[in-house]
Each structure stands twice: as structure tokens, then as C-alpha cells.
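Here the structure is laid out as C-alpha cells; the discussion comes afterwards.
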């Protein structure tokens, strides 16, 4: 049982997912949701989903806000690039990272890739560097610095 | 409600259950699996005998129906156990018992899940025989095909896999035709139930009739592919010839499923279809007979010859269905039963006969190589204690088979041909000398094909049994001879009791072409369940 | 169309804007997919759709159904979450694979090093695939 | 009663005897012969005893029901003619048995010989005693079969095998023709009963089917009785042991044909066509046989051709259609049997004693075996038609018939002339036979000194020769009454006047006999120099050797033409087969719709621009896939996915959310599946130098045409159905009852798990079967040599790993998957949750067991993708085979559970349950069924995918042929 | 819209059949898949096209307005069986490729 | 009024998304390289999913949601498998 409750956040997430899916908070559905979430957690145990300790969960909201803002900005930038005449100046950028937590890295990868204009290409575990492709370096952002400051720091705070 | 009320569905569920149980048992327990397979097949035979005797027993209501899910027909699926389907189920279980017994000597160990696939094949066959619903028929066709794919590939090896590829590709394409046909029928007539189709077909507006006919024609193609009609049958010979003996022996009935369905549908719709498709069946059957004849003559290897004999048997029966005449059909059914027993037997015999031969020894070596280094076939055990006078037994069996298939007297092939021919002639007024040209062709082909079979079998028989060679006497086990003896014995019994068998088949055929009782039984009472 | 008539106009306007905006952003994203000259540039284009394209359409949907059924209908958010989680996986795997393929074909696009992309870009354009698959 | 029993016994006894003898030990020559002899004696006695019953035109009948509804009953029927034959068959049979006892070597498996002989005797008796046309055919063919086995008795001899085969092919063919002929005859008469048929001659002869019937029956009679041009099998059959020749090829089997002609004489004879065919075929045979006999070097060859010739004589007589000719024919049948059987036996003795049958090597044997010589000389004289012997009498009758004036000049001349010439030839070959074998200088190169055979071996010859003499000298007493009985059974009460006497005065026939005798002697003298040269075979026509022509024809027809026809009419290649299938399907769909499919209303009403755009993509993808699949498989695979997506969107658009879900999920799994397979396919590069014209090869054009026609056809059919009013079909019932009776709002799902749950049960069975089959097949999987090495990418990446200091084995892969794997693992619980949701809601909303099962399976596959096979199977025990069994069992058990409530299989149980906290909940057994579906689908899908995936492990393992691989797939574990 | 769907069915079927008649086993498997899309849509079309009428019952709605559920159920079965058969065919083509060394459907290069 | 606005908006967005699918389809056909096609397929799925959502709004029913959800959650499995195949020549090692 302990193993099953090793993933409390996951349990809550799955519980929410079930309720969203079933579009109901009837008692029966709550019970089912609990049951299914437990099974889901057991599945996570089976595939050894990496565990992390959330030190400062509150910071997650801050992270989300920052991501939304960034995504919004990059959307506009990329839209302009797409319809505009200017040829983008793309580049591969290698960024050294201090973040080691797999989940933190996964979140970082998702953020970078989900943000239009940048894509996480590969993580080198030996050198702890990540290769990022940047669509346009024209706006002068030093990509490595940006990532380190805006996300990695936050994630380090949250996870380690 | 007791088990008796569920009799009609048991021939489907029993093999299914046996198949499932066999999945669970580990491959290491060969003997247990074999015993289960044999037991289930024997039980099926008993069931089919009960089913047949009940169908034969009720003089008036020959049609037992089973409404699945207790839903009224024609909306849900209904099973129909009348004489025709009961007879086919019994034929299938007889062949199955023989094939399963034969496999006990060696073949059942040639790969995993043989017994499971075998039982599922029976499930598919019986389902196809018993169902009264077109789409359900598709499903059972797919079950029997899926199992047959597995069985055709059983034992693996280059020839089988290559043939299997063709077999599967061709039949997958055919399944598409089946689906198109069924859906067209549904789209135009609004039903899937065969009995209901009889009723609704009359109500289909004239302008939609061509579409319905197109659907039926496409369905027909799908069945004719299974039946092996030329030119849709080239896959059949390769596949059947490449299959292992017990599997090929089972396949002998597979082509008959197509014929059964054709008969079922043409006879049901006889009254409302205005003879649609009969000419195609007739000429297709003739062409198939011709091709089968040519193929039998040109075959070198016995299994291939046996496969062409399947075509011949199918072609003959298909052509007879083109008459749409109960008397001819009764004869054709007799011939179908007799020739199926013979074909099945020939496939089994072919393996035993080729066994002692050096050429086959090579092939077998290849097969062994293909078996590879897997643990379960590692021990190439002694095939068995050679029974004395093996060759004599084989020769007598082979001769009996040859006589049966060539339609030479006194066995069932002869009786069947006689029954068909006299049925054909019976439809011509005696005083009138104008026998239709098609009938002449058919008579001629019947005789020529019999001759060709005789010549080819003679060639083979003389080669195998008379010509002095350095081939050693094959080691044959009793479990391999027993099923052959069973099948041949049955064919002898069939010939001896031709009178009662024919009168049974005659009433069966008459009933088939008078679908009233069928439709009444399926659609008549809304009360669900059993009878 | 009776279902729509009960909705307040302002809701309809919000929904309409969301839908058209989301669709337009997605469309522009695929324009980029079609237009950008190199593969590595093209991988950025679909993210427009997976980010704000999807976001707007899903928000539009949530607003619409919430108004329609007069209760919170937010299950569509699951789609957004999953799209945001899964899209990067494909893109990462794909970009990395492309890098290796370029490398293997002698376009030294930096295995682990940022390198002049132009060279790979050249090889990208007009190069038909000859993988033998 | 005795009558019935004895008739039945006549037919059954030989078969019973045969079975008994067959089971005797191989060396039991004496016992076998004794039993056979007893059988023959018993039969003869029975026959003799029945004479009283058949004399005076009485007919004995015994009937057994066999196939009464088709007029096929076993009728044993004996009249005068069949009595004569029965007696002949039984008595000569007895003599042959006695003879064979001494003839056969102790080394031969003699019981088999006697068993076959007795069986043949039974078949022969069955034939002559048949009272039913079809029964006659049956025994007729049996005689062919047993004669085949007897001729091939010494099967180690190529000549015996060939002779046997030729005999069976020709007589068997005749038998099949007889079958057809008898069917037609029975059809004309309306009965197969011989007595009815015999009484219906007038109907038959005037029936339009008379000619084909006659031709078919004659074909049978001519083949069996070795008539030209089918005569050549008989000399070839001489490879049989001599007792067989003596019995089958002189006395019995070859007489079957003439028996048939005599039997059906009242029905068929008398028409011009009968006259012309039968008479002249007989005449040709008579002449040809006699001519050929002169030049044979084999003793038995002479006798065989002589037999052919005598059979020709009998057939000629039957053809003439006069009552007297019939009498002569029947008389000659009996006479020929006696003298020819004895001659064969004599030849056998010579062969036995000298070790050769070659006339060139024989001579002066009268000195060594005077008794045998005497017997042979007498018999030969009978054969030649020397007075005071039986042969003379019947030949005389023949001459007198041919000498009758005929209004047709050709007939008037040809009959007597040919008769005399053939008579002369008979004298020549008889003379040559006697003089060459028994007189002249004794042969020197024989293996041993010949001497008389055992007395008992000679006894049968003596008896037969005695019969020749007795009949020849006092015919009226010895054969007269029996002949009358036989003939009257054919001709009825009004027998023509004929006199059986040796001397009829000086008349035309006598003159003809004298001319024939004299001419024969003269011819022999003239031919001596030629004959002395020892050339085998007749001059002028030797190159027309029947056997060779037959063999060539047989090979040509049955092998060469058959082979090329098979190649022409069939194919073993897949593409033509599929092309034919498509063409036939087009034909099948087009032919009925030529009548028109009603009004097609073309309209663009209701066009949805979004969906149109989707289908522009979809169609482009489909065509793209079609063009790319050869050289760009991945592209084709993805394009196929595009087409699939368009299909799914359409399903959504037109109200089929379940279909869309299923299609999408299956799409994903199929893509992965095919990707797994791509690993094992050979690389294929587009050849830049390919001839552009090949793109327009006729085959491609044909395929293109077929594809376009088929596509257009399907489009038209679907359009035609879509644009007309839907029939008032069964759908309404489901919509009406799904909720109230089935307890579900999702009608499609209720149909699947309830109304048509049986389909679903079958469908999951298919899935299970396929999974097991793939598993079984992949256990034997051997990758092609060129696909055994690891993929190129992996090799290059490994090289890099080896080269670079910061890398070690697997680094690139682990880096590649580092982040994706984390995400894929976290997604697993989410997918499990989604699967559970789709399963549980299926009855009311889109979803259900299949959809949930595939979802779950994708979840599993994702883990394999992320972690690799080993990693997953170290952590998850999936056991897909057991999932399959469990799923099927659950579905089956749910269905059968209905039996407990006394309702049919798959009747669902449905009720709302009121539970304390949870409120009112639907409880449907259909859900349990759906759970079975779910479990099976997970098991089957995972098994299929994993079984393929395991092949990589097998290939990668050091022993490339290792079988460990997919064996784990079923265990899915450890 | 019926016309567009009919044309689409035709194009899918035509492409599928074209591939079905090609010599490489991979072409055949893609062809069979395309053909099965066409067939599924064909079956589906037999019930007629109704938008916004998914046969998921709601109270107070006239049942005659729903789309015909029967073809949908048939298509579902057909999809499942089609999937199974695709899998089987794939495995057999792999086995044939392994045993014969070629991916030609006849097991030998022409 | 609401109806008009929505109908037009839905139509416009459907055309836009259909257009997006066409563009993605064009890339899918043209390539030139396998990775381009995978990318295009991913885009195609996404646009298709959004199209389904707009259709769902048009129908006023939530029953089409699952189809979109399944694309959102599971379609990536196919594209990820394709990507891995490109990288390693094998989907499952």
C-alpha cells in the first residue's frame, strides 16, 4: 500500500482526471475515481515513474504564469516570422544545466519545446548539457541565459 | 429449459470452450492437450449426431432455431439447426475426429497452439453452418479463416509460408467483397437475417433490385472463392497441398462451407430471386470441373493432386447448384458428403505414402530444419511400430480412395454421380429428346473428370505401390491408419445405405427449396429461446 | 441550429473569436510548416497549433459548453494538458533523429555541438529521401 | 426362396471366398487353390441346378432394395443367356483354378492371386446376372478393376504394369461411357430395371436420344471386347499370368462386351446405325485381328490377336441383327471360350516347360510333350474352323449369314469376302502355331529339356478339348438345348429355324469354308519365307501400333496438354490471382446493375467545406500512399495514416463517434505494428536508371484500369444507396429497445454487447486466434540473412560511442530517450485511467471494451517504446496469452451465465440497483461481457506487438537463431 | 456531401486495389489497409449520412432522427477484424521474407 | 444572432483548420525527408483534433470529445514510434 501512495500528486491528478472525464461529482463517481486513481498509481509504481519531492509547490503557479507569458510572446514572434518576409536566423544552442531531477528536466523540456521558437533536442547526461534549437536568434535573446534564469532556477527551487 | 434446448448452439460453444482451455495449458503438456482435443472433438461428434437425429426426427418441423440474447428475430442473431446444417456439422465433426487422431502421431507437435486453432476452426465451421444471419456468417467465416490461416502455417517452412501468404492475401481481399455484399444487402433490403431477407426481398422496389442483386453477386463471389470456383481457386491448390496432412484433411470441408452457404442462400431465395445467378453457378462449376480435371492430370505430387480433386468435387457441386432443382441438389449433397470423406482421406494418405519416398524425405528434412532447434520437436522420435503389411493396407486404402473419387463403382462417388445425373435427366421430360446442351456438357465433364481422376490415381498408385524402388516401407502408426479406416469405412457405409441416406437428403433438399418452414421457424413465433 | 439561439450574444462572440483565433493560429503554424526552408525551422511551426492554437479552440469550447449546459464544462482542458505534454516528446525524438540522420549522411550538423546549420540546411533542401524504406 | 438364396449366393460366394483366401498366409498355395476350386465347383453346381428354372424362357429374379427412389435396386436376374454365361464363368473358372494351382510358382504370393481371381469371378457373375442397368455398370467396372489387378499381378514387371494400366484405362473409359449410356437408356424407358428395358425396344429405337445412347453403349462394348480401334489393350494384357489370360482374355471378361450387345440386342439392334457400326467395326476387327495374329512371335500374342479376331466375328454377327446371326453369335461365344481357354493353357504349359513363349525359339515340342501337343493341335483346329470341331459349326453359321444376299451392293460383297479372307488368315495362324511349335527341328537354346506337365495341370485342357470335340461332333445333343434356352431368352418364343449338324450338304457356307481352308494353307506356304525372318509384328500396319499411339496420346493428353492447360488456365502467382478476383468482382457487380440502378440524383447539397478539405487531404494521402509504397515505405505508412485520419473525421462528422475512436486507435496500433515489421524488410532503393517506359507496361495499365473501375464501381454503388430512401429495416427496433430493454443509451454499444453480442464474441475470437497464430509463426521466425545485423543507425551510433571518451555503450540511446521516457512513464497511469473510463462508460456513451482494450494496449506499448523489451518485462508480468484466454472465457461465461436463468445464450441481465451511498446504479451483465472483450483485446494486441518486437532481441542475441525470443512473449515476463 | 464521400470511397478503394496488385508484400499490406478504409466507409454509407445524429439516446428525442446504428456496429466489427488480419498478414509477410529472402509476394524475384 | 455568429465562426474555423490540414498534407506528401513527413503527420493529427472540437461545438454535443482526447493523448505514440524508428531503425529494442 505504501508503494501505491508513493505518488500523491499523481493520485490527485488522476482523481481529477476521472472526474473531468466523467463530468460528474456524484458519490459513485468519486468512489470510482478513487479506485481508478489507485490503480493508476499502482501502474506508475510498476513502470517506476521517477519520484521527486516537491519542496515548494506554491512556486508551480509562478512557473505556470511565466510559461504562459513566454508562450504568448513567442507565439506572436513566431507568427510574425511565419507570415513575414524575414528569413529566420536559427541556431543550435548548448545550455549547461544544474538541474538533475528527471521530472524537473522533463518539465523543462516540455516548456522549452512547447514554447514556439525553441525546441529541446537532446540532453547529454554526462555533461549535463542540453541542446536546444532556436528558430530565430534575431531578437538578441541569449538563449542559454534566458532558460537558466526564467525556468531552471524556478525548477531547482521546486524540486531540489 | 435444459441443455437440450441449447443444443443448436452447443456445436459452436463446445469447441470454443475447448479452444480456450487449450490456450491455457502449457505446450509442454502435449498429451493432455491432445487428449482434450480428441475428447472435445468426440463430444462434438456425439452432439452433432444428436442434433442430426433430432433434425431428422421431426417430420414436420425440421427447423430448430435459437434466438441469441432472447431477442426476437429478425433483429438479433438467430441460429438455425435444420437437416442441412446438422448434416454439415456432423460431416465436419467426423473429419475433425479423423484429422485430430491422425495428428496425434506427430503433427500436433509441429508448432504451438495446434489444438487451439483446430478447435477454433471447428467453432468457425459450425457457426457458419448454423447461423441464420448474414453478418454473423461473415464473422464465423473470419473465425474459420483466421484459424485456417494459423493451421495452414502450422509446421512453418518455406512452402507453407509462401502458400500461406497467397492464401491470406487472397482471402483478405475476398473478405472485403463479403463486407461490401452484406452491407449492400442491408442498405437495400434493410435486414441481415436470411429468412427476413426472403420476406423483404419481395418488397424491394424494382429500381433497387439491381443493387440488391449486385450485393448478392458480390456475396456469391466471396462464397465461390471459398468453394474454389475457377478462376478464383488458384490459391486453394497451393495452400491445401502445402498444408500438413491433418490440416489439409480438415480443409477438405472448408471448401464445402462455401458450397453450403451458396446452397442455403440460393435455395432460400429461389422463390424470389427469379433464378438470379444460377447460370453463373452452372458455368462456373463447369469451368471449375474442367480446371480440376486438367490439374489432377498435370499434378506430380499426390497432395497437389488431392487439392485439385477438391476443386473437382467443388466444381461438380457448384454446377449442380446451378440447376436449382431439389433432386439434383440431393444427389449433389450425397456426392459432396462422399467426396469430402474421400478427399479428407486422400490428404491423410498422401502424407503416409510420400513418407517412404526419398523425394519426400528431402521435403521432410526441410521441414525438420524449419522446425529448428526449438526444444519441443528436438526429439525426432520413432514414428511408430511398423504394422505388418503396411504397404498393402496403404494400397487398399489408396485404391478405395481413388475409386471413391473417380466415381467408379461401387462406392459413394459412383452413387453420387448416378444420383446427380439421374436428377438432371429427371428434369427433362422423358418423351422429349432435347436434353439441354449444358446438361450434355455436364455429363461429359462428369465422365471425363472421372476418367482423368482414374488415370492420375492409377499413375500414382502404380508408381507408389507397384514400381520397384529403393524406397523403404514407411513407418506408419496405428493412429494414422485408424482415421483413414474410419473415413473409408464410413464411405462404404454411405454406399451401402445409399437408399436411406438419399431419401434423407432428398427430404432435406426438398425442404431447402421450400423455405416456408425455415422462414416460419425463424420469424414465426416471437417467443424467444429454444425451439 | 436551435441549440445556439439560447446563448447570449456576448458568449457567442467570445466563442467565435476563440475559435477563429485558434484556427487561424494553427493555420499559420502549418503555413510555417510548409514554408520554412529547413527541417529544424519547420519543427517550430506546429507548436503554434499545440500551444495557442489548441488553447483558443479549447477555451472556446469550454466557454461554449459551459454556457450551453449552464454548468461548468471544463473537461476539454485535459486535451490541452495532454497535447502540451505529448507534443514535445515527438518533437524531441524527431529532431534528435534528424540530427543523427544528417550526421550519418555526412552533413555534420553537430552531434552534440551547435554548428553551422546552413550546411545541414543545404542538404535538407530538395534532398529526396533515400532511406531504402 | 431357394431361388432367391441361390441367386444371391451365385454372386456373393466368390466374393466371400475371395475374402477368405486373401487372409491366407502367403505360401498357402494349396489351400488357396482348394478353396477357390470348391467355390468354383459350388458355383457350377448351382448354375447347373438352376437350369431347370430358366429353361423355357423363364426368368429368375431376386431383388434387394438399395436406392429405390432412384430406381437403383440390386436385382439378381437369370435368364437363358445369363445362365449360359454363368455356367461358362463358373466351370471354366474351376478349370482355370485347377490349372493355376500347378502353373503358379510356390514363390508367388498365390493366395492373393486366387483372391483376385475369385473376386473377378464374382464381378463377372454379378455383371451377367444384373437385372438393373446401373448395377450392371457397377459390376462391369468391377471386372475392369479386378482384371487390372490380375494383369498387374507380377507388378515388378514393367510390361505387366503398363499392360494393366492400359487395360484399365481403356475398359474403364468404356465403363464410364456405359454408365452414361445406361443413364440415358433408363431415362428413355423410365426405369433401370432390365426386364422393363428389354420390353421397351420400340420406345428406345424411336427416341431422339437413341443415337447417343447407342454410341455410348457401343463404346463400352467395343472397349471391353477389344474391338477395333480399341483392340490393342488385349495383346498387351498378355503380361498377365497365363491362367488369367485363359480365363479373362478368352472366356470371360472380353466376352462381357459381346454379352452386353447380345443382352441389349432386343432393345438396340435392328436399326441402320446399329447395323453399320456394329457390323463393320466387328468386320474390321475380325480382319485386323486375324491378319495381325499371323505375324506374332509370342505364343500368347498369336492367341490374343486371334481372340480379337474371333470377338470381331461375334460382333459382326450381332451387328447383322438377324435372329440366326444372333444364334450364331451366342454359339460362337461358347465355342470360342472352350477352344481358346484350352489353347491359352497349352501355351502356358509350353511357357512353363520351356521358359519361353517366343515362337522363333520353339520347335519340335511334339516329341517332348506329345499329349499336350495333341490337345493343342485339336484346339487349334477348332480355332481354324476345321470340321468335326465346334469352331467349324459356328463359323459355318457365320459364313452362311454373310452369304445372305443384301440389297446394298457394298454389304453384299464386303461381308462374304472379308469373312473368307479372315477365315483364311485364321487357318494360316493356326497352322503356323502348330507347325512352328510342335513340329520341325527341336529348339536348342532352351534353358531346360521340356517334358509333359503334371497330369492334373493338363486335365483342364483335356476337358475343354473334349468339349470341343463333343460339340463339334454331336452338337444337337451336347449344346443344342442350352443354346436354344440362351437364344430364346433374347429372341423370345419365336426362335428362327436353325439346325445344329455337322453336315448340311454342299452349300455356300461349306464352299466358303473350303476356300478359307485352302486359302489359309496356301497363304501359309507363301508366307513361310517372310515368317522365317522372324520379324515381330504384321507388315504394313506395324507402325500403326495401337499401344504406342495410345501411350503417346495418353501422355500428350494427360500430361503435356494437361500441364500446359493448367499453366494456361491457372497461375501460381499472386498478382494475376488478385487481378482476376478484382475483375470478377467488377463483373459480378456490373452485370446485375446493367439493368440500371434507378435515378442517380447528383447534387452538391449539404456540402461541408471543412470535410471537403479533409477529404482533399485524405484522397491525396491515399493516392500518395499508392505511389510511394514501393520505394518510400515510411512515407506510404504515414500517408496511410493521413487517409485513416480523414476516415475518422468522417465518422465523427456523420454521427459515429465510436467508429472514429476505434479507427483512430487501430490506426496508431497498426502504424506501430507495421513499423515493427519494417525492420525486417529488405532495403529498396529507387533505381535512377530505370526505364521510364516501364511505368506504362501493359500490366501496370491493366492494373490501373482495374483499380479505377473498381473504385468507380464502389463509388457509384455507395452513391446509389446513399441517395435513395432507406428501407424500413431492422434499425428501428434497436433504437426503440436499446434503452428500455438493453439498458444502454449508446445504441451501437448495446448492439455490440447485447443485440448482436454473438458477433462480438466471434470478433474477439478472431483477434485471439490471430494473436496466437502470429505468436506461433514468429516462434519459427528466421530473419533473412541481410536483416540479421542490427540496423545501420544503431551500428553507427555504437561506433560513435566506442570512439568518444565521454560515451559508453548505450549512451546515445539513453540520452535520446532520457526526457521522453520520463514523460512516457508518467503517461502510463493517465492512459490506464482513460482506458478504465472508456470501458465503464461504453454502454451509455462512446467507448466500450474494444476501445478501452486498445487504449490499454497502447499504454503498454508505450512502455516498451520507452524502456525496451527487457526493461518492461523485468517490471511487468503481462502474460498476454492468459489475458486472451481469460477474456474469451469471461465473455463466454457471461453468455452462458444466462442458462442459469433459463434463457438463451447471451441474454443479458439488466437492472438498476439502489445502493446506499452511491444511489441508483445500472447493473448490466453486458458490462461483464465488455470486460471480457477488454481483457482479450489487451492480451491479443500486446501479444502481437510484443511477439514481433521480440524478434529484435532474438536477432541481437549472440546465437542469432536462438529461440528464446518470442517464447518470452507469451510469458511476457521475468 | 454524399458525392464527396462516394468519390473518396472510390479513390481509397482504387488506391488500395492498385497496391493490392503490386508485387511487393509491403505494397500489398498498405493496399489492404486502404481497401479496408474504403470498405468501412462503404458499409458506413449504407446507413445514409446523418450529421449530428449519433445514435446515443436522449430522452424526448424522436428515435427516427438518429443515424442508423446497424452499419456502425458492422463497421466496428469490420475494423477489429481488419486490424487482426493486417497484423496476421504482416507477420506472415515477415516470415515469408525471412524464409525466402525476398519481399516479393511470390517468394521469388521474377 | 448568436446562431449566425457561431455558424459563421465555426464555418470559418473549419475552413481554416481544413486548410491547415491541407498544408500539413502537402508537407506529408512532399517530404522531402522522413522527418518532415512525421512532423507533418503530427500537425495533421493536431489540426484534425481541433477540427473535431469545432465540429463538437457545432453539434452542441460533447460526445465527440473522446475522439479529440484520444488524438491528443495517443496519436503521439505513433509519431514517437516513427521518430524512434528513424533514430534507431527499430521501434522496440
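Some points to look at:
Going in written order, the chains are labelled A, B, C, D, E and F, and every chain counts its residues from 1.
The criterion applied here is as follows: a residue touches a chain if its C-beta (ideal position, glycine included) is under 8 Å from a C-beta of that chain, and two chains touch if they have at least 3 such contacts.
Computed from a prediction, not measured in an experiment: that's the story for all the values here.
By the document's definition of touch, common neighbours of chain D and chain F comprise C, E.
In terms of C-beta pairs in contact, the better-connected of the chain pairs C-D and D-E is D-E. Comparing the centres of all chains, each the average of its CA atoms, the largest separation from chain A belongs to D.
Note: centroid distance chain B to chain D, computed from Cα atoms, is 16 Å.
One inter-chain figure worth recording: chain A and chain E are separated by 39 Å, centre to centre, where each centre is the mean of the chain's CA atoms. Each chain gets one centre point, the mean of its Cα atoms, and the points for chain E and chain F are 20 Å apart. Chain geometry summary: the mean Cα position of chain A and that of chain F are 22 Å apart. The residues of chain C that reach two or more other chains are 29, 31, 43, 45, 50, 73, 75, 78, 82, 85-89, 91-93, 95-96, 100-101, 129, 131, 133, listed in rising order. Chain D has residues 572, 574, 578, 582, 608, 611-612, 633-635, 637, 653, 657, 678, 681, 684, 714, 717, 721, 726, 729-731, 734, 756, 759, 763, 766, 769-770, 773, 777, 780, 782, 792-793, 797, 816, 819-820, 823-824, 826-827, 830, 834, 845-846 in contact with two or more other chains. Across the assembly, chain F contributes 14, 17, 19, 21, 24, 26, 31, 34, 38, 40, 54, 60, 62-63, 69, 73, 80, 82, 84, 86-87 as residues in contact with two or more other chains.
Checking each pair of chains for touch leaves A-C, A-D, B-D, B-E, C-D, C-F, D-E, D-F, E-F.
Across the complex, chain D meets chain A through its residues 806-807, 811, 814-816, 818-819, 822-823, 825-826, 828-830, 832-834, 836-837, 840-841, 859, 863, 867, 872, 875-876, 915, 917-919, 921.
The touching residues of chain F, counted against chain D in their complex, run 11, 14-15, 17-19, 21-22, 24-26, 28-29, 31, 34, 37-38, 40-41, 44-45, 48, 51-52, 54-55, 63-64, 66-67, 69-71, 73-75, 77-78, 80-82, 84-93.
For chain F in complex with chain E, the residues that touch the partner chain are 58-61, 63.
Those residues of chain C that touch chain A in the complex are listed here as 25, 28-29, 31-32, 35-38, 40-41, 43-45, 47-48, 50-52, 73-75, 77-78, 84-85, 87-88, 91-92, 95-96, 99, 109-110, 112-115, 117. Those residues of chain D that touch chain B in the complex are listed here as 65-72, 134, 137-139, 141-142, 145, 152, 155-156, 161, 164-165, 168-169, 172-173, 175-177, 179-180, 183-184, 186-188, 190, 207-209, 554, 557-559, 562-563, 565-566, 569-572, 574, 577-578, 580-582, 584-585, 588-599, 714, 717, 720-721, 724, 726-731, 733-734, 754-759, 762-763, 765-766, 768-770, 772-773, 775-777, 779-780, 782, 881-882, 884-885, 888-889, 892, 896, 898-899, 902-908, 961, 963.
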